[in-house]
Structures are given as C-alpha cells and as structure tokens.
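Okay, so chain A shows up in both of these, paired with chain B first and chain C after.
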Partner chain A sequence: MSQIDFHYLMPLLILTGGALLTMLVVAIKRNHKIIYVVTALSLIGSFLYLFELRGLQRHVVEPLFVIDGFAILYIGLTLLTSLVISMMSYAYFEQREERKEEYYILILLATLGACTLVISKHFASLFLGLEVLSVSLYALISYLRMRERSDEAGIKYLILAAVSSAFLLFGMALVYASTGTMTFEGIAASIASAYDLPLLMLTGFGMMIIGVGFKLSVVPFHMWTPDVYEGAPAPVTAFIATVSKGGMLGLLIRLFMQVEGFRFQTLVLIFTIVAIASMFAGNLLALMQRNVKRILAYSSISHLGYLLVAFLAGNELGVEAITFYLVAYFITTVGAFGVVTMLSDSEGDAEQLEDYRGLLWRRPWTAAVFTAMLLSLAGIPLTAGFVGKFYILAAGVNTQLWLLVAMLVLNSVIGLYYYIKLIAVMFQQPEAGREPVERLRPSILLASAGTLAVLALLLLYIGVYPTGLVNLIEGLISPATMVQNPSAPLLEAAK
Partner chain B sequence: MELTFYVASAIAILATIMVITNYNMIHALLYLVVSFLAVAVVFFTLGAPFMAALEVIIYAGAIVVLIIFVIMMLNLTNEDVQQEKTWLRPKTWIGPALLSLVLLAELAYLVIAEDMPTINNQPVDAREVGLALYGPYLLGVQLCGMLLMAGIVGAYHLGRQKKKVVHRFLERSEI
Partner chain C sequence: MTNIPMEAGLLLAGILFTLGLISVLIRRNIIFMLISVEIMLNAAGLAFIVAATRWAQPDGQVMFIFILTMAAAEVSVGLALILQLHHQLKTLDSDAANKMFG
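== the complex of A and B ==
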C-alpha cells in the first residue's frame, strides 16, 4: 500500500480506528457519553475527510478497491445516516438497562462493512464487506437481550443471512469458474463480446442475485423483513432499512454498470419480475398490518421495488434517479424510525397502532414530523419522496419501461392508503384515561428532537428545492468516473 | 487422478448429509470431521496442498475440538458414564470409520503416486498463498480482522448475561 492509497482509503481507516478506539475506551472505563462522543467524532471525521477526496480523479487500489465520485457519494450518504442513527440511539439506549457500549463498536463496524461494499471491485472485497456488515448486524438485531422478540429476530436473520451468503459464494465460484477472474472489469472483459450469457455464468449471476436480493429484501427473498424489523431495536431497524440496503444497492449498481448486465435479456427479465413482485407484495401486505414497524417493513420492500425500476433503466439518468431516491428514502426512513425510537419507553418499542392514537394532541411536533415522513414515503408533493418518485418515473419513461412505470403508479396509489390510515390514527382524539408519557432529561431529548427536526427540514428543503441535490449527484456521478472500460474497443468490434 | 477427486467429493457430500440428518450431536460431529477430511482431500487433488493442511488443522482439529468441549461442558450434569457408553457403540462409529478408511486409502495412493498428482498440474504452495495474502490482498486480510472483531464483540455481548425471559413458545411448556 502506497501513501496515496492511504490518502484515498482514509475515511475507512478512520472508521476502523474509531471502532478500535471505542473498544479500548470500553476496556478502560464504561461510560455511555464518552463512547458516544468517540463514535460521533469518528463518523464526522471520516465524513469531513471525503471533502479532501472530492475533486480528485478516480483511484484504484489494486486489486480490491476503487474510489471514485460514485463511491464518495455513497460513503458520504452511509456515514451521515450512521451518524444520525447513532444520535438517536443515545436517548434510546440511555433508558435501557443493558450494557450500551458494545452497540457503538458494532455500529461503526457495520458502517465500515457498508462502505467497503460500495468501493469494492473484486469478489473478495465484496464478500468481506458483506460479512463485516452481516456479522455486526447479527449481534445488533438481538442486542436487547431482555426483549422477548430479539432472539427470534436475531436467529432468523443469522440463519437466512448465512444461507444467502452461501448462495452468493456459490454464484461467485461459478462466475469465477467460467471467467477465471474475480475483478469486475475482468468479468466485463470476458463477456464483452458475448450476445448471450453462457449457462454457467447465468447460473452464477442468478445465485448472486439471490444473495443480493436477500440483503435488499426484495420479493421473493423478503420473508425475514417484518419479523426482523419488529424484533430489532428501533435504531437498528433504521440501520437495516437504510445503510445495509444502500450499501448493497451501491455494489449492485457498480457491478451491473461494469459488466453491462442490462444487455442480457434474462437478467433484465429476472429484475423486472422481482421489481413488480416487490412493489405489489410490499404494498398489499402492508394494508392489513396493525404494527407500525411491520408496516414500515413492508413499505421498505415496496420502495426497493420502486428503486429497481430506476435500476432497470440502466443508464446514467437511472443511476442519478436511484441515488436521489435513495437520499430521500434514507431521510424519510430514518426520520420515521426516529419517531418510533423517540416514542419508545423502557418497556418496549412504540410499535402498535394504538400507541399513536391521538399523538397529534399529545405531542404535536413529533406527530407533525411523523406525518411529514409518511407523506414523503407516500410521495406527496412538496416532500423529497415526491421528487424522488418523479425522478424514477422520468428514468423509466426515458427508457420506455412502460409496464414498470404503470405498476409504479398503480402501487403508489395502493400505498397511499396505509400511510393515510396511519396519519388518520394520529389525528383521532386520545383516550381519556391515558397517562402522559414520562419525559427524558432535556439534554438527551434535545439530541433526538434536534436530529428529527433537521431531518424534517431537509425533507422539505429537498422537496421544494431539489436542484441543489441534483447538481451534487450529477457532479459526482459522471459516466467517465463510473465505469473503467477496458472492453470498449472490443464492444465496438462486436457491433 | 480424477477418480480420487470424485470419490472424495462423494464422501464429503455423504458425510455432510449425515451431519444434518443426525439428531445426536456427537454422532453428527463424527461425520463432520469426516466431511472436513474429505474436503481436505479434495483441496489436495485440486493442487492446493497448503489449503488441505489448513483444513485439517483448523477445521477438523481446532474447531471441532472446541465444539466437543462446549458439548461436554453443557452435559456435565447428566449421567456422563451412561452417556459415553451409548456414544461408543459400534453402530455409531462404524459409518464415519468406513468413510475415513476410504479417505485414508486415497491419501495413501496420493502419497505413493510418483508425480505430484493434481488435476491442473500446477500446485499452489504455501509460499504463493503467503505472498498473495500479504501482497495485493493485504487489505482483505485486515478486513478479516475487523470481521473477527465484530464477531467477538457481538458474541461477548450476547453471551455475557443469562437471558431472563424465555421464548414465548417455551414459556408455556415449562409452566
């Protein structure tokens, strides 16, 4: 590793250092506040270092990693989301009786795993990043041992994630067997002249899609989602819904852009079916739920379906649309789970629909933020969710994916129903006998409430004035930085 | 040469099936050892003798011994003597023993055979593995360190305390 490699990998090294430092601090003295500050500082430091890298050329750390504008954008998104989640975790874990310190080590490591995913260009780094993320999540999901559901959720995630990893590995092995290389550009070069995928490669890619699909929780690999969302602590649920999926999606985009997977009809067909099934299954199953965390789980399944529509567009506009939608989705999901986190007490998470009855009259500001988040999830104008959905529609129409676009519109209407139902519950009059919730210390409350307020403002800002974000995304993702293309002459020759 | 590969693979699959269909932990473990040994032979025939050695040392050696220790500790309160007697019936060990015997025969053949018998004629020795791991893939090795750290921290937290609430299905049956 040369000095320049150090420079480019510094955000990840800072994260690693932060995790190690946190562990050492835990060994010396257990103090929730100190640990929390160390975690936040390492996330912020890592994020600030990205500005150093911003204007630079794409850099390849052979053979595992590549750092380009796309990677910087996704790392920044991941880091900010982790920071917001750890801000909200502080108040949440302060009320819990369990040891809180290990949580922050695991959060830092999981973030490191997600960041590794988005910069990897080799199967080895892909798998290692995925495993760092998954192994941290196993422990995070069942972190609150006193809870009844935590073990169930943890075991479910452990077994299914292990099986999906096995599928992914087998798929990689098959691809390696037929191409003889594990780097993305090597695979791209070996299939550049092929019009159709050889059977071995197709099986390999299919098995990899199973592994990736599990992490993204798209139908038919979605069965774990509601149970795990319900059983995990609310901040961890937010983490699974955002950082874990975002990292995987970043990787999927990089792999597919590099190997030009959209040329192959079979792969496009697979993703089309998955996208439509995810949209429908997510929205229809959410209709009957009375548990807020499960509603959000099914809603996230359908949102991944929407994202796949833009993914299938497969061009630069599609990548921009995905990224924009991902930013909007991250803000909204973290905000929604942030409200759940804030309303939770030491007994359990506020997850039943009953807990939200009359919220507007009891805690108007919290209810207002939650309403904004739900409206954004539903894609109502003036919120970031609307602009994101519009962007996806534009990408879909641009490449004439009429079927997918029609399904997207239809599903947005279905989805509206359960979001509005949730909002309606908040507007109902509270039951008379209900005692007010006991408040936390103001300093702690300020961290959560402030974070939520920032998220809500950001949501409105992007909804009203999306140009800033669009310019940022366009500036960082350009086709020149995205794909390193040794196969271009070959492709020309094939045509 | 290819025959040794296929025989070893068949033994690996057979032994693994026996692992997951056996209800008794110790019986399953015996088959697990055989499965690891068979995979080691597969590695050897594919031209990775170093990996084969690692497979035997780490998996069949260290990890299985650890699992056995854990099982022994868990079972301390039972009538151990009785237990061990049931474990040592011929019915239990004859299956794994036969499979191991086949593997041993294969190993003997591989050792006796004149040239270094591999399928792709290009054995990867320990030196090359080391150069790859501490050369281009150094970052991957370090990432593995982080992976192990996540595993240890998580296991420490989850294993530290006894859970007071049992699962909702078990709760009912115990009362």
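== the complex of A and C ==
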C-alpha cells in the first residue's frame, strides 16, 4: 500500500484507532464520560477527514476498495448516524448496566464494518465488512444482560445471521466458480456479453440475494426483525435499523450498478416480488401490533420495500432517490428511536402503546418531536419523508415501473393508518396515577434532548428546502459515476 | 487429483450445505444449531476451494481462511450468549427461548 492509499483510507483508520484507543482506556480506567468523549471524537475526526477527500478523484485501492463520491457520501451518513446514536446512548446507559464502556467499542467497530461495506469492490472486503458489522451487532443486541429478552434476541439474530452469511458465501463461491474472479468489475466483464445468466451464476446471485435480503430485512427474510427490534436496547435498535441496512444497501447499489444486474429479467423479477411483498407485509402486519418497537420494525420493512422501487429504477436518478430517501429515513428512524430511548426508564424500554398515552400533556416537546418523526415516516408534506417519497416516485415513473409505483402509493395510504393511530394515542388524556418517576438528573438528558431537537429541525429543513441536500447528493454522485466505464445503455436496460 | 471435475466438488459442497440447513431447521438444541451453522459455513469454504482449484488461483483458499476466522469469532460470541441463556432458563431448548412472537 502506498502513502496515497493511506490518505484515502484515513477515515476508516481513524475509526480503527478510535476503537483500539477506547479499549486501552477501558483497561486503564473505567469512566463512562471519558470513553464517551473518545468515541465521539473519533467519529467526528473521521467525519472531518472526509472533507479532505471530497474534491478528489475516484481512487482505487487494488483490489479491495474503491473510494469515490458515492462512498464518501455513504461513509459520512454512517458516521453522522453513529455519532447521533452514541449521543443518545449516554443517558440511556448511564442509568442501566454497570459495565457500559464496552458498548462504545462495539459501536465503533460496527460503524467500521458498515463503512468497509460501502467502499468494497471485492468479495473478500465485502465479507470482512459484513462480518465485522454482524459480530459487533450480536454483542450489542444482547448487551443488557439482565434482561431475558435481550439474550433471546441476540441468539436468534446470531443463528439467523450466520445462516444468511453462509448463503452469501456459498453464492459468492458459485459466482467465483463460474467467472474466476472476485472483483466486481471482473464479474461485470465476464458477463458483459451474455444475454442470459448461466445457471451457476444465477444460483450464485440468488443465494447472495438471500444473504443481502436478510441484512436488509426484506420479505421473505424479515422474520427476525420484530423480535430483534423488541429485544435489543433502543439505541441499538436504531443502529440496526439505520447503519446496518444503509451499509448493505450501499453495497448492493455498487454491485448491481457495476455488473448491470438490471439487464437480467430473472433478477429484476426477484427484486420486484421482494419489493411488493415487503411493502404489503410490513404495512399490514404493523396494523396489528401494540408494541411501538414492533410497529417501527414492520414500518422499516415496508420502507425498505419503498427503497427497492428506486433501486429497481436502476439509473442515476434512482441512486439519487435512494440516497435522498435514506437520509430522510435515517433522520426519522433515529429520531423515533431516540424518543423511545428518552422515555425508557431503568425497568425496561418504553415500548407499550400504553406508555405513550397522553404523552402530549406530560411532555409536550418530546411528543411534538415524535409526531414529526411519525408524520415523516408516513410521508406527510413539509417533512423530509414526503420529499423522499416524491423522489422515489419520480424515479419509478421515469423508468415506467407502473406496477411498483401503484403499489407504493397504495401502501403509503395503508401505512398512514397506524402512524396516525400512534399519534392519536399520544393526544389522548392521560390516566391518573400513571406518572413515571424521573430518575435522572436533567443535565444528563440534555445531550439526548439537544440531539432530538437538531434531528427534528433537520427533518423540517429538508422537508421545506430539499434543494441543498439534492445538490449535495448530485455533486457527490454524478462526477464519479460508480461504474468503472460509464455506459449509457443502463437507462434502456432498466425498461 | 486434477481429474476430479469441478461439478462433483460443488455437488459435495452443496450436499453438505443442504444437510447443515436442514439440521438448523429441525434441531431444537441451540448448541446443535450452532454446529449446523458451522457445517454450512464450511461447506461454503469447500465450494471456494473447489472453485479456486478450477482457476488455479490462491484466492479461494484465502477466502477459506477468512471464513475459518469469522466462524471462530462467531462461535465464541455464540457460546457466551448460550451460557448467559442457560443461566436464565436452565435449558438449551430453543423453544424455551421464544418469549416474543406475534
């Protein structure tokens, strides 16, 4: 590796260094505050370094990594989300576990894994990033050892994630067997002239889709989602819903753009079915839930379905739409789980619908933020969620995916019902005598409250004035088109 | 050695993989489920080695070492979780560890 490679990989190296430093600090002195500051500083440092790389040319670290505008955008998004989540974790863990320091090491490592995913262009780095992310997540999910459901969620996630990794690996092996290369552009070159995929390749891609679909929690690989969301601590749930899925989606986009996967009818058909099934299953099952974390779990399944619509559009507009929607989805999901985090006490997370009854009268500001987040998830105008959904619809209409667009609109209506139901619960009069005891000094909650306020403002800002974000996304994605040799027929192929 | 066709090797890996998958689905003891997952991962590793032999490249073996390392990390976390679970439930039956559903 040359010096310039180090320069380009610096954001990841800072994260690695941060994780090691945190580990050393834990060994010397267990102090929640110090660890917290070290974590925040390494995330911020890594993020600031991205500005150094921003204007530069696309750089390839052969054969594993590629750093281009797309990668910088996704790494920045991941880092900011992790930062926000660790801001909110401080108050949450201050009142719970006696050993809360290792949590931050795991968060840093999981972030590193997600960042590795979005810059990888080789099966080995893909696998490495995925596993660094997954193994950290197993421990994070079951972090609150005293809670029974935490362990259950952890072991369920572990077994299922390992099975899905096995599928992914076997798929990669089959693709490798038929092409003889593991780099994305090598695979693209070997099937560039083919009109139809050979059986071995098709099986390989199918098995890889199983592995990827599990991480994205799309139907029919979504079974773990509600249980894990319910059992995991609220900040970790926010992490799974955003960073882990975002990293995987970034990788999927890069792989498919490179191999021009949309030329192949079978793959398009698979993704279409998955997208429609995710939208319907997510929204319909969410209607029956009484647990807020489970409602958000099913809602995230349907949101991934929406994202796949833009993914299937498969052109540059589609990628922009996905990125915009991801930003909106990250802000809203982190915000919603942030509210859950803030309302949780040391007994358990605030997850029952009852915990939210009359929230507006007890804590008006928190309720207002939660309402804003829910409205954005539903896609009501003036929020970021609306602009994101509009963008996705534009991408779908542009490539004439009429069926998917119709399904999206229909599902938005279904989704509206349970978001509004949740908001209605908050507006009801509280029952007497259910006043939860405030255990924390308000100064600790200040960080969480400030973060939530910033998220809510950001949500409204993007909803009212989306041009700034759109320009940022276009500026980063367009000049460095992700395909090695940019090709025009993508647009026609997507039809 | 070289006259074993690639398809035979892949078929063997596929059979091992299917056996592992079936046993994950039907076993109720969590430790056995973990072992079955290991079988699936190693089947994928075998497939990598077979593929690498076809192209006479070392990449497949590199991937296999990656897989071994990852499986070790995964099992260590998994066994720690199982210990924790056994403390709480006094059993390793995976049906007992199913409090959340529906």
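Here is the rule we go by: the second predicted complex is superposed on the first by the 478 of 495 C-alpha atoms of A that agree within 3 Å, B and C clash if a C-alpha of one lies under 4 Å from a C-alpha of the other, contacts with A are read in each partner's own complex, and residues count from 1 in each chain.
The rule is simple: a residue touches a chain if its C-beta (ideal position, glycine included) is under 8 Å from a C-beta of that chain, and two chains touch if they have at least 3 such contacts.
Because the structure is predicted, anything quoted here is derived from the model rather than measured.
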Contacts of A:182 with chain B and chain C, given as first, second, both or neither: second
First, second, both or neither for A:169, with chain B first and chain C second: second
Touched partner set for A:260, first chain B, second chain C, both or neither: neither
Partner chain(s) touched by A:65 [first = chain B, second = chain C, both, neither]: first
First (chain B), second (chain C), both or neither touched by A:316: neither
Chain B versus chain C as contact partner of A:230, first or second or both or neither: second
Which of chain B and chain C A:152 touches, first, second, both or neither: both
Chain B versus chain C as contact partner of A:123, first or second or both or neither: second
Which superposed partner A:135 touches (first chain B, second chain C, both, neither): both
Overlap of chain C and chain B interfaces on chain A (superposed complexes): 124, 128, 131, 135, 138-139, 142, 145, 148, 151-152, 154
Residues on chain A engaged by chain B in the complex (per definition of touch): 1, 9, 16, 19-20, 23, 61-65, 99, 102, 105-106, 109-110, 112-113, 116, 124-125, 128-129, 131-132, 135-136, 138-140, 142-143, 145-148, 151-152, 154
Partner chain A, residues of chain C touching it in the complex: 6, 10, 13-14, 17, 20-21, 24, 30, 33-34, 37, 40-41, 43-45, 47-48, 50-52, 54-55, 57, 59-60, 62-63, 66-67, 70, 73-74, 77-78, 81-82, 84-85, 88-89, 97-101
Complex contacts: residues of chain B adjacent to chain A: 136-140, 142-144, 146-147, 149-151, 153-158, 160-161, 163-165, 167-168
Residues of chain A defined as touching chain C within the complex: 123-124, 127-128, 131, 134-135, 138-139, 142, 145, 148-149, 151-156, 158-159, 162-163, 165-166, 169-170, 172-174, 176-177, 180, 182, 226-227, 230-231
